[in-house]
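You will see two complexes here that share subunit A, one where it goes with subunit B and one where it goes with subunit C.
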Partner chain A sequence: MKTALKLAYRNLIGAGLRTWLNVIVLSFSFVVIIWMKGVLVGWDHQAKTDMANWEIGGGQYWHENYDPFDPFTFTESHTAVPEEFKTEIAAGNMEPMLVVQGTIYPQGRMQPVIIRGINPGQNIFKLPTQKLDTLTEAIPAIIGSVAARNLRVQTGDYVTIRWRDTNGMFDAAEIIITGVFSCNVPAVEAGKVYIPLEKLQSMVQLEGEATILTFRDSEKERPAIENWTLKPQSELTKSIDEIIQTKTAGQSVFYGILLLLAMLAIFDTQVLSIFRRQKEIGTYVALGYTRREVVGLFTVEGAMHSILAALVAAAYGIPFLAWQAKAGWTMPMDVSEYGMAVAQTLYPVYSTGLIVSTVFIVVLTTTIVSYWPSRKIAKMNPTEALRGRLQ
Partner chain B sequence: MKLFITILLTGITTLSFGQPGADEILEKVDRNMSSENRIFESSMTIHGKRNSRTITSKTYSVGDKKAFTEYLSPPREQGTKMLKLENQLWIYSPSTDRTIQIAGHMLRQSVMGSDLSYEDMMDDRKLTDTYNAVVVGSEEMSGRKTWKLELKAKVDNVAYASRKLWVDSERFVPLREELYAKSGQLLKRSTMSDVVQIEGRWFPKTVVYKDMLKQGDGTEFKIIEIQFNQELPEYIFSKAALKR
Partner chain C sequence: MENNSIIQIKNLTKSFPTGKTNFIALRGIDLSLGTGEFTGLIGPSGSGKTTLLNIVGSLDTPTSGEAWVLNHSIGALSAKQAASLRKQNLGFIFQSYNLLAVHTVFENVEFPLLLLKYNASERKKMVMDALEWVGLTGKVKSKPPQLSGGECQRVAIARAMVKKPSLVLADEPTANLDASNSHHILQTMVKLNEELKTTFLFATHDEKVIGYLRRKIYLLDGKVDKDELTVGSKQSTVSSEK
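For the complex of A and B:
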């Protein structure tokens, strides 16, 4: 095996530019695959962290009728906060939120809006709810930057909102935008206005009631509560997993093409080697090598392309990947209205598993592709090969 | 002192004899505005920010409980039919050949993009059943003397906490209505005009509905032709009639 490796190395280096072209193409595959996979892992990581920080905390209880995709369910999605959670709420480890459907009239345009009542002193979410803790004539409200852009409102603007109380009676009042926040979770921003919880409860005559209860600690085992549905963090981030899965499948096609190009070059090199080095093959057999050993020698030689490629990739890839992990990759298009939790700049995350699996896949593929044409050697007539006759 | 009391009593007596009670006014308005049944062709012009569009329709109705409307134009809406039975509403769309029931919160949506919601059309409770009305004075409006009525909700489950109504003091036809939120904010205003006498009753042929929080000139509802108390076949008010 040692001789095989030595021989393979010599032959590879001896092939000069041909080898290096193959190695460069293959190393490029290494770097690109690791980078793209890293971006997806980074996105997954960022999306889940952002969702936890801005939207779901450590998990939630939803009122049994609540369906965030159907605003028509909101009027029936509220009930008194369960007694057993009162201490946790008082300690700031659980936040009740009331969700009400309303209408907002920015500059006389009518637009549906979801009014969310949130405690101004909360610290489970990164929402700047402290800006709700202010004394104004109008109702203090905070709004996401995308929603602010769509509604064409900014901090300090007064806007009329209309809603119905629990009996269906219309009411209207002015809100003042006391803060505009920016986050990467569209579900937090899109068409939503945040006002103090107690104010909203009194506006709709639902004192002490809530639609969503968000808890801080995701690890804690949670009991089932009557009228409430437990939504653990893993369930609430399921959509991210599904998107990542779809993206991974889509990217695999790209990896496939990239690897196919590299493998084509290696396959061609192998076919050419076997064709041009028949005398050498004959000599090996004459020297006592079994055919299997000769096949092995050529396979190792082909597979060694991937080892060299890994080394070359490490030479320029490590600084590049490290720089990317730090600087991030800013997407060329505006992603704020994509409807999913995605940041404008994604920071790739490379795990050992990711690197090892990528190297393994590339080396394995290269080995298979190197072995494939080498099988022909086994069928060669050694005397003819020694003479260098075409077979 | 005696003179003062005499003048005061005379004044009160004159006022109370000259001004009918709010319920009496609403009763008279009811007599003008409601009928056993009616058939009317109307146009609804929705004035948007950029353009206006007109939808014409023919409606058959029995009291406030049953109504059947067929949209006649524009071509996009032609053939769309709406059936209201008590507090239920169905819409038939010829393009999909489907009948859907407008229920629950869908009733809060705007009718064909107008300033009217399905719910506004569905509210068939008598004002005297849901509001306490008082006459607060008289005003002149479009050259007509009107009684100004203020109505405050006496039940919780009405859409508007209070209303103001200006009723023509001779013809007992409402000339303006304003709908208010609980906070007292004016939400909607309807202005009635073109009051004509049809079959012995005074009736406004044009109503402009305006969502006061919204920009635009509102929705103009015009009666092109109206007939009261006609023979109406019962099958019109069935779901089967929607697909005819």
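For the complex of A and C:
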């Protein structure tokens, strides 16, 4: 094996340009695969962190009737905040939120909106709720930047809002936009207006009630509470995992093609070698190699492309990948209406497992692709190979 | 088997399948070669010289009859055993040199020693010795494409000789060389035959080679036509050609 490695190395380096062309194509596969996978892992991390910071904290209790996709459930999905959480809430480690369906009239147009009551002093979410802590005639409200754009409202605007109270009676009031925030989690802002919790509770006459309870600590064991459904963080982020999985499948097609191109180049080189180098093959046999050993030599030679490629890839790939991890990759399109948690700039994350598995897959495929045509040598007649006869 | 014989061939035939009929390349060869001989198979093109040399070199097997080389029956060897016989005991020299074009002169000569697992320092010494025998110590780092035909064949001789094999098989070694290069490499081989007691078996129809042989086996249509020893000392054989 050591001899085969030595000879294969000499043959490859001796072959010059052809070797380096293959090696460069292959090294490109290494870097692109690791980079693309790294972006996905980074995206996954980022999306989950953003979701925790903006929407779900360390997990939530939902009122058992609450279905975020069906606003008609909202009138039925509220109840008093359970006694056992009062201390946790007082300590700021749990935040109650009330969700009410309403209508907003920006510049006379009518738009359905979800009104969320939130405690202005909370610090579980990154929402700038301190802007709700002002004394004004109108009700202070904050709104996401995309929602603000869609509703064509901005900071300082007064807008009429209408809702039904717990008895089904319509009521209306003026809100003033005291803050516009931008975040990466579409569900946080799409069609939503945030106003102070106590204000909303009194508007709909549901003092002391809530729809969602968000807790800070994702690790702590959570008891089952009557009328409330526990939604652990992992369950709430499942949709991200699903999207990442779909993206991974889509990506696999892309680098499957990339690898295929690299493999075609190597396959071609191997097939050509076996025909062009018949005399050499005969010579190896005359000097004491078995045909099997020659097959081994040619396979090692082909597989070594991937080893050289890994080295070349390391030479330019490590600086590139490190720079990407630091500077991030800014998406060429506007992602704010992408429909899921995605930041404009993604920071790829590379794990050892990712790098090891990529190297393993590339080396393995290269070896198989190199072995495949080399098997032909085993059937070659050495005396004819020495004469350089085509078979 | 005779004690000092290196090759024993008994009633050897070799036929190749060609379409419907078999082409018979060797028909009933009987031969015996002793250690240290400097012998040639001589005959026109197509007479079966290469075929016989390939069988002796364990690159091919007899169709019938027997070929014993260094106490191994060629037809009975497994691929692995045959490879081992070549690796340990046989050296090959070809008409078209068959050097590894992308390897240096040093690496080409080193090759058989790598297969025999000599360590680096042993290899270096043996390669330099072999290059000294053929007068090429100045071209260690050159690659075959940079060498003349004569130099290439000297590298090939060094490669065949570096492991000091018992038997060297040379198939038309001078066919691509001019007269002065032919004499040069033949004198080198005569010298190695004398100093290392290596047995040489040639296949040739080149008069220049024939002049150096101490035994001439004439082949015609796959049969031994004549088998004659050169009279006089080998020294006089060599000088008579100069």
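Keep in mind that, in the parts below, the second predicted complex is superposed on the first by the 391 of 391 C-alpha atoms of A that agree within 3 Å, B and C clash if a C-alpha of one lies under 4 Å from a C-alpha of the other, contacts with A are read in each partner's own complex, and residues count from 1 in each chain.
As a working rule, contacts are C-beta pairs under 8 Å (C-beta built on N, C-alpha and C of every residue); 3 or more make two chains touch, one makes a residue touch a chain.
It should be emphasised that the depicted structure is a prediction, and the values quoted were computed from it without experimental measurement.
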**Asked** subunit B versus subunit C on the shared subunit A, clash or fit?
**Response** fit
**Request:** Report for A:Gly14: first if it touches subunit B alone, second if subunit C alone, otherwise both or neither.
**Result:** second
**Prompt:** Looking at the overlay, what does A:Gly168 touch: subunit B (first), subunit C (second), both, or neither?
**Reply:** first
**Request:** Please indicate which partner A:Val271 is in contact with in the superposed arrangement: first for subunit B, second for subunit C, both, or neither.
**Result:** neither
**Message:** Looking at A:Gly282, would you say it contacts subunit B, subunit C, both, or neither? Reply first, second, both or neither.
**Reply:** second
**Request:** Could you look at A:Val349 and tell me whether it touches subunit B, subunit C, both or neither (first, second, both, neither)?
**Result:** neither
**Complete:** Value for angle(subunit B, subunit A, subunit C) over C-alpha centres, in degrees, nearest 10, is 150
**Partner chain in contact with A:Leu5 - subunit B first, subunit C second, else both or neither** = neither
**Request:** Name the contact category of A:Ala314: first (subunit B only), second (subunit C only), both, or neither.
**Result:** neither
**Request:** For A:Thr383, decide between first (touching subunit B), second (touching subunit C), both and neither.
**Result:** second
**Message:** Looking at A:Arg109, would you say it contacts subunit B, subunit C, both, or neither? Reply first, second, both or neither.
**Reply:** first
**Prompt:** Tell me, in angstrom, the smallest C-alpha to C-alpha distance between subunit B and subunit C in the overlaid model?
**Reply:** 77
**Request:** Would you mind listing the overlap between the subunit B footprint and the subunit C footprint on subunit A?
**Result:** none
**Complete:** Given the complex, residues on subunit B that touch subunit A span 104-106, 153, 156-161, 179, 181-183, 185, 187, 211, 213-216
**Message:** Could you list, by residue number, the parts of subunit C that touch subunit A in their complex?
**Reply:** 50, 54, 57, 59-60, 79-80, 83-84, 86-88, 90, 92, 94, 96, 98, 100-103, 107, 111-112, 114-117, 143, 159
**Asked** Where on subunit A does subunit B make contact in their complex?
**Response** 71-72, 75, 101, 103, 105, 107-110, 160, 162, 164-165, 167-173
**Fill in**
As the complex stands, subunit A meets subunit C at residues 3, 6-7, 10-11, 13-16, 279-280, 282-283, 285-293, 382-383, 386
